[in-house]
Amino acid sequence: METITNLSPIILALPFLMFLFLGLCGNKLFKSNPNIAGWIGTAGLSVVAIVSYYIAIQYFWVEGKGADAYQQFVLFNHEWLKMTDNLVISIGFMLDPISAMMLVVISTVSLMVHIYSLGYMHGEEGFQRYYAVLSLFTFAMMGLVVATNIFQMYIFWELVGVSSFLLISFYFIKPSAVAAAKKAFIVTRFADMFFLIGILILSYYTNTFDFLKLTAVSDGHATLVNNTMCGEMFMGLSVTSIAMFLIFLGGAGKSAMFPFHIWLPDAMEGPTPASALIHAATMVVAGVFLVARMFPVYFFEAHDVLTIIGYIGAFTSLFAAIIACTQTDIKRVLAFSTISQIAYMFVALAVSGYTSEHEACLGYTASMWHLFTHAMFKACLFLGAGCIIHAVHSNEMNAMGNLRKFMPIAHITFGISCLAIAGILPFSGFYSKDEILVAAFEHDKVLYACQAFVAGLTAFYMFRLYFRIFWYSENPAHAHHTPHEAPMNMNIPLIVLSVFTCYSFFNLVSNDSYQLFSSKITADRVGFELETNWTIAIASLLVAGVGIAIAWVLYKEKNDKPDMIAGKVKCLYISASHRFYIDEIYLFITRKIIFGGICVAIAWFDRHIIDGFMNLLAWISRELSYDIRDVQSGNLQQYAWGFLVGVLAIAMFAIYY
Amino acid sequence: MIPVEAYLVVSTLLFFIGVYGFLVRKNLIGILMAVELILNAVNINFVVFNRFLYPDHLEGYIYSLFVIVVAAAETAIAISIIINVYRKLKDVRVDSINELKN
Amino acid sequence: MNILSAFVVVLLVMLVAVFLIPGEKKNAIRWTMAAGSMVILGLAGYLVWNFLAQREAGATDKFLFADSTVWYEGVINISYSVGVDGVSVAMIMLSAIVVITGVFASWAVEDKAKEYFLWFIMLSIGVFGFFISVDLFTMFLFYEVALIPMYLLIGVWGSGDKEYAAMKLTLMLMGGSAFLMVGIFGIYYFSAEDGGALTFNLEEIAANAAMPIEWQRVFFPLTFVGFGVLGAMFPFHTWSPDGHASAPTAVSMLHAGVLMKLGGYGCFRVAMTLMPEACKEQAWIFIVLTGISVVYGAFSACVQNDLKYINAYSSVSHCGLVLFALLMMNQTAMTGAILQMLSHGLMTALFFALIGMIYGQTHTRDIRYLGGLMQVMPFLCVCYVIAGMASLGLPGLSGFVAEMTIFVGSFAHEDLFHRVLVIGGCTSIVITAVYILRVVGKILFGPLYKIEKVGDQYNYVSEHHGEVHHYPLRDAIWYEKIATIGLIVSIAIIGLYPVWISDMISESLEAVAAMLN
Amino acid sequence: MDLDYSQFLSMSHEVSLVVVLIVLLLADLLIKNKKAFQYLAIAAFALHTVAGFYSYTDLAGDAFAGMYVSGAAQSFVKNILNVGTLIVFFFSFEWNNNENKSGVGEFFFLTLSTLIGMYFMVSAGDFLFFYIGLETASIPMAALVAMNKKGTEGAEAAAKYILTASFSSGVMLFGISLIYGACGSLYFDEVQAAFTNITALHIFALVCFIAGVGFKISLVPFHFWTADTYQGAPTGITAYLSVISKGAAVFAFMCILYKAFANEPDVWQNILWWLIVITITIGNLFAIRQKNLKRFLAFSSISQAGYIMLGVFASSQTGMSSTIYYILIYMFTNLAAFGIISAIENKTGKVGMDDYNGLYSTNPKLAFAMTLAMFSLGGIPPFAGFFSKFFIFAAVAEHGDYLLVFLALLNTIISLYYYLLVVKAMFINKSDSPIETIKIDAMSRVALLVCVVAILVIGFISSIYMNIYEISFGFAN
Amino acid sequence: MAEYLTSIDFAGLFTADNIVFFILSAVILVCGFMSVASTKLLRAATYLFFTLFAVAGLYLTLSYEFIAAVQLSVYAGGILVLLIFAIMLVKNLGTDTETISYANKTIAGLSALAGTVFAFITMSKFRFIPSEEANDAAAMVDMEMVGQTLMGTDKYQYLLAFEAVSILLLACIVGSIVIATKSKED
């Protein structure tokens, strides 16, 4: 235990110091050889990864298990800002099953991305800056998941936001990248505002920020919240529900849930490895993590919100999946797929029970599991896509085709990951997705039906992607510009991540690994025995198979069937390829209404009415000054007349007033 | 006996005749003459008040004496100034001293 | 000598020294300024350290380092009284930082440098004098001393429509002080029960609490509005955009960074502390006004095209937040308000410094005609991004600390209406992000615009009345770097480790907050 | 009959000034060298001024059975007037040497005559003596105004002045005669006793009297002559008129209101309230657009008169002390401004505000002094003007009329605007042909230095105001 | 009204004193008015002379002989002569007729009228109580008393004013000379 406690600060401090070091002196020190900066960053992150693994392992297998449940350790908690005696923002380190798992996820993906970037970003202007920001992101993400209080989480929440901004705008000369960065930041910021308001409401009633206090459960209630907020109403709604819904909205922003999803596809303007890390594996699941963190409160005190989350998740996953089917930019396809998969996780949480007594109690586990597996295969997909883009210098599907012969490693790893995301046995995606479907089935058949359909869609569009890239017909441009395999330092991460994807092969060795998640990561931290529901598993396999088959038919080779089908459902196709015009609606609201309407009106009002009033005062005195100039006419007798009238008027005033 | 008010009526009328003259006279000397009327009206007041109301002391009496003296001094200066104006402007009409204004 | 008076004395010595140096020896003047402001900064640092040490040792007086000398007596009781509590210490520290960075930011002033620095020192005297005073008269005196140099500083050394702006700023601020002065008289003549000795001493007035409520109702709004004008409270804020836009760099820095803080500080120290009952009654009016300020300033900033206007409106928004939080009248919110003053002072000074430095090279501040500066002057632009991040409340920089303390504190208000207003205020954090990113995206990022590259040299090309100008561009020079780095370090220190300063401030506010509740 | 001529000896200021007058009359006959005569005159008057300070404490009480009243306050005011007059002499040195060569002796004689008239006003204990003082102070002034031989302005100004002055003294006399009729006496103390149970007649009389004195102080609407006369008069005389004459009149007015009309303060306070508001506002509004600096300062001095009257309005010991204090500071400040204008006018003949454009680049010291004067007039700390304004407002606030304070303060914004216009002209405006660098004579320089030092330090020396407070007798009740 | 008229003792009005007073008042007012209304300045001066004369007469009826004498000698003998000199000195002034616009006259007249009415109203509010000694011999003033009053230093004696006015006169003489003497440049 002591070792863990002593090591834990490294996880936060090292990336932060790395950020400062690379950010402040990276440019100067490594001017001649920027790669050194990359190596230093990677080395630093390796240390972090090792420590994270060590801590996670120690926690799960040695220290964590208490009498009946996993314990929540606060390894350190430094007072950072004291608002009142009770409302204290601390920077601390909380170790519990989900944070330990997240440590593993983040450090793994981050390390892989660090290594990968050595090759991918080689020679880019601002290489040092890139690594500095990666370190910053790692720091922020680590801080987020180990937060001991909701405000610490908010702090790091903002920090991941800004590092995301910096990475998206990495190619700041490109206007599209700048626009995407702005969009990402502002949309998430907008959602963060709700998060903040939620925190304010929550802390106003509970008078604490502390997760341990907020999520403490006894007698089927989140005690503190129940005691302080139960029965408080605002405009006919339960205050608890409002607060928890607002907090969810914060998470929805980061996790790109409808209607805040618009920033994520654009965010692909950033360097691909950064997209893999931030916009696929880690940051975007922060929302899921947030809901998981506050799960007891949601479950016991705001179950209605949980239901809403479920439907929002289901809708988003369907919505994103449909759009994904029509996109031609491979990173966008992946982005919509990410949205869709994260929505899955939300659905899983929404349908979950708290303890094994409740129905669908495996939802929570499934959600976290899916988070884990998704992080790995999606990172792998993105990195693979990076290799491809690196090779063909384009994001568009049309520039690709039949790449399997040029890039075998990318082909295999990409294929494995596609299988995983499609939920094909025996890859990791199958297990996690299956559990989600089981939970949904147990809880709500509608959700189940929706999610099952989405599973089919997922399989379809992922294999559409796969076939379009690696099969299909060859792009004639390749004749004079042959795509080639990526360098080793880019391929190794692909391989490592695809190994993680295949981890279920370990199941063949031992049943323990199948129970890995259900025994350790559950809502009540107690653990339960997981049993495969084969009915549903087979059903979902079938659905996925159908999806793959359709993709096979349509995209294995160049043919006119896809266009024909698109022509049949033209309306749907066009609106889906335009992402259902959500961006346009946003643009209309921001440009026309907020900027063109409110801001311009206020600015006008300020210049012409408020300032105009001040100027009017000045103008009046000036005009008055000119108007009365003739009083001083220079005529002696008028002076005397004024004198006389003055005397009379004053006398009358004094007498009669 | 003639009441004080009767004298007051005379003096007040004279005073405002003087004021009227001051306001309408077109040249500076005429204005100066109007001032003399005003001062005479005041003098009548002082004398009458002294004579009828407060005959114990000669306050009003002496005051009117001094007013006469001061009026003389004032007139002397005023006339020399008017002559000065005439010398500079070749004109003593009120309208002519209208350079300084606004 | 009392350490507090030392601030004023050092500045006076600087004033005399600069006065005696002949105007041609510009470098001598600059280094005198630098040395003097270093001393000031040192004094301020020593003050903070000593203050904390004394509090640690258990000093419980409201004002430490107090000292008082009778000045006028009998007919009117004025004394030169100084003393500081946590709030004023924070403000003094802020002023010292901004002054020294301001000196470096004005290093490039060539035209009438001597006079410039003379007025600059005068302004500083006013600022420091204001913060150390605990006597209402001397406080007011220093307040006005700080205001008037602005006229010449803007009028002579400014740019654009400077004469109009200088006049407007001066008149509006003096208008505010007209309100204020009535309030001060009211406070003085009701400073003691009938027959007691009248006093200008803040502590004694607060202790006597002799002003009847019906008079408080009259004088509280006067005093509050009086200071509020300087605090850029809606609808008395319009001097701020014009004034800041026209002022020379360091003057904008000092004005937005420190001088506007006089407003908030005065509202708190004079209006609210001395007339608590009326404050409780009328707070809601001003809360609504300042709440409008917060959102309104932010929205206005979104569509401005002049960098300084953007920042000026952003100041309106941020300073609105200061008063907003003060009026919530609980310890946390007020602590947040003071932190916000501190934070806004530093970051807005940084903003204006950077804008000045960019403007000095491009000769335009219009964001429509700028683009891609990041490639040309990376140092300045990175600093600008940092400033922007501080402004939009990025954790780790000072803005976050202040805003969050304000929001949490204000939301603790027991009245629902107030809490709803706080939620309205929260929207500003989004709008702030919008206008900050708009600028960052427009001028720093993106491809070069109107900038040509000749060899290694970038030139800004501007057409003016058919004439084409080529202004060479460069990155920051050493003195500019000192100024910006100094401010960024201060912002980061507060942002990274806020607890000591927030505790220091919070402690001093305890009694006031208790009284106001 | 008991004739006690020794009473004249207690009028030390007046006697000493009469001695100076006689000396100058003789010297004018004997000394043909005008410069030497000036030195002598200034030296003699300086001696008188210094002597005035030494007679400061040992005098108290009345002479001539209450017709002449002298106390510490009166003595102090006379000393202020002396110092101001001395500064005016310093500033006029150059003008006397060049343009007024033929009338140097008369200049001094007339100025000192008016000064003695002001002494009488200040020390009056009776309406008759007051009236004589007032006329002595104003009639020879017309001659002084007419001494501006350049152009027609002097003549016009003098004509307007003397005629309106006689008109206003007519009105005032009418008022005094009615007061006499109603109260039966002209001694202030007896009027005080009788001026109760007032009727419309009392008020009418009072208003006529206020109008007459208001003319001297140039309160609106009795101010019309001010601008024209100030503009036309020689600059030294303008300074003298705007400061010394006005100061004496205000003090005398205050004494009369506080003594003779002490029983019915509400009536005249009510009147004064409106007069002050109108005066300040109208003065400011006219001053805004003036382009001639002398005329500009004339309107500024009208509004300043309004501010001075605030102290009178306050009707208390504080009111009186702050009035005297205001006069003191206003004197130094306004004299500094006029001194600079006069110096520049003597050298270049320019008095337009536009002529001052870019003055700072050529004459930094003059511009600096002018700036100080303008800031002080505008009431900007840390200059003396701030303190005087503060204390005078404090007096009104003590009296309880916060509304008046507020209105006056709002007006300071307008006044600040036009004072800043001057500063702007000197510092900010560019000029193709700025006033060339000029070297002003030693006398003016000394006087200017005195004024500037006074502007800078008076406020900080608290004993000045505290002493004035000690010697102020305040409201009779 | 009728009651009021009957209450007046009309017969008592026609005493010698009253008749003299009426005549003098009439002269004062009519000539006063003529002196401001006359279009020729010399005529106006003449009317003014009559007015001054009549005022002196008024003083005589009040048995203030000394002041009547001063009035005659200073005003009629001094001031008026000065005025006439001035009129003569200025070319054509004595013979020019001046025309005054009706607007001017109306405004001035109305203002003066308003003043008069107002003054009457205010005066009517006050009851002047004649002293009981007003008809006594004590009210008569002999020269010795005047002299003592002018030269005494007690209360109600005016040595100080007498001396003060001498300074005024001296200053006025000097002043007049200064203005009237032609400067060398002229």
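We call the chains A, B, C, D and E, going by the order they appear; numbering starts again at 1 in every chain.
FYI, contacts are C-beta pairs under 8 Å (C-beta built on N, C-alpha and C of every residue); 3 or more make two chains touch, one makes a residue touch a chain.
Values in this document were obtained by computation on a predicted structure and should not be read as measured data.
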Given chain C and chain D, the chains that contact each of them: A
Using the touch definition from the top, what's the fewest steps needed to get from chain B to chain C? 2
Need the central chain here, defined by C-alpha centroid distance to the all-chain C-alpha centroid. C
Select the chain at the greatest separation from chain E, using centres from the mean of Cα atoms. A
Weigh B-E against A-E on C-beta contact pairs and write down the one with more. B-E
Taking each chain's centre as the mean of its Cα atoms, which chain lies farthest from chain D? A
Taking each chain's centre as the mean of its CA atoms, chain D sits from chain E at a distance in Å of 32
Per the C-alpha centroid definition, the whole-Å distance linking chain B and chain D comes out as 26
Where the centres are mean C-alpha positions, what is the separation of chain C from chain E, in Å? 71
Go ahead and note the Å separation of the Cα centroids belonging to chain A and chain D. 78
Residues touching two or more other chains, restricted to chain B: which are they? 4, 15, 18-19, 22-25, 31-32, 53-54, 57, 59, 62, 66, 70, 73-74, 77, 80-82, 84, 87, 97, 99-101
Do you know which chain D residues sit against two or more other chains? 128, 132, 135, 139-140, 142-143, 146, 158-160, 163, 167, 171, 178, 181, 200, 203-204, 227-228, 417
At which residue positions does chain E touch at least two other chains? 107-108, 111-112, 115, 118-119, 122-123, 128, 156, 158, 161, 165, 168, 172, 175-176, 179
All pairs of touching chains, please: list them by chain label. A-B, A-C, A-D, A-E, B-D, B-E, C-D, D-E
Write out the stretch or stretches of chain C touching chain D in their complex. 71-76, 78, 137, 141-142, 144-145, 148, 151-152, 155-156, 162-163, 166-167, 170-171, 174-175, 178-179, 181-182, 185-186, 188-189, 218, 222
Give every residue of chain E touching chain B within the complex, in rising order. 17-18, 21, 25, 28-29, 32-33, 35-37, 41, 44-45, 48, 51-52, 55, 58-59, 62, 64, 67, 70-71, 74-75, 78-79, 82-83, 85-87, 89-90, 93, 98-100, 104-105, 107-109, 111-113, 115-116, 119-120, 123, 128-131, 133-136, 138-139, 141, 145-146, 149-150, 156, 158, 161, 165, 168-169, 172-173, 175-176, 179-180, 182, 186
Per the touch rule above, chain A residues touching chain B in the complex are 629-630, 632-637, 640-641, 644
Which stretch or stretches of chain B touch chain A in the complex? 19, 22-25, 31, 94-95, 97-102
Residue ranges of chain D in contact with chain E within the complex: 1-5, 7-8, 18, 21, 63-68, 102-103, 106, 109-110, 113-114, 116-117, 120, 128-129, 132-133, 135-136, 139-140, 142-144, 146-147, 149, 158, 178, 181-182, 187, 199-204
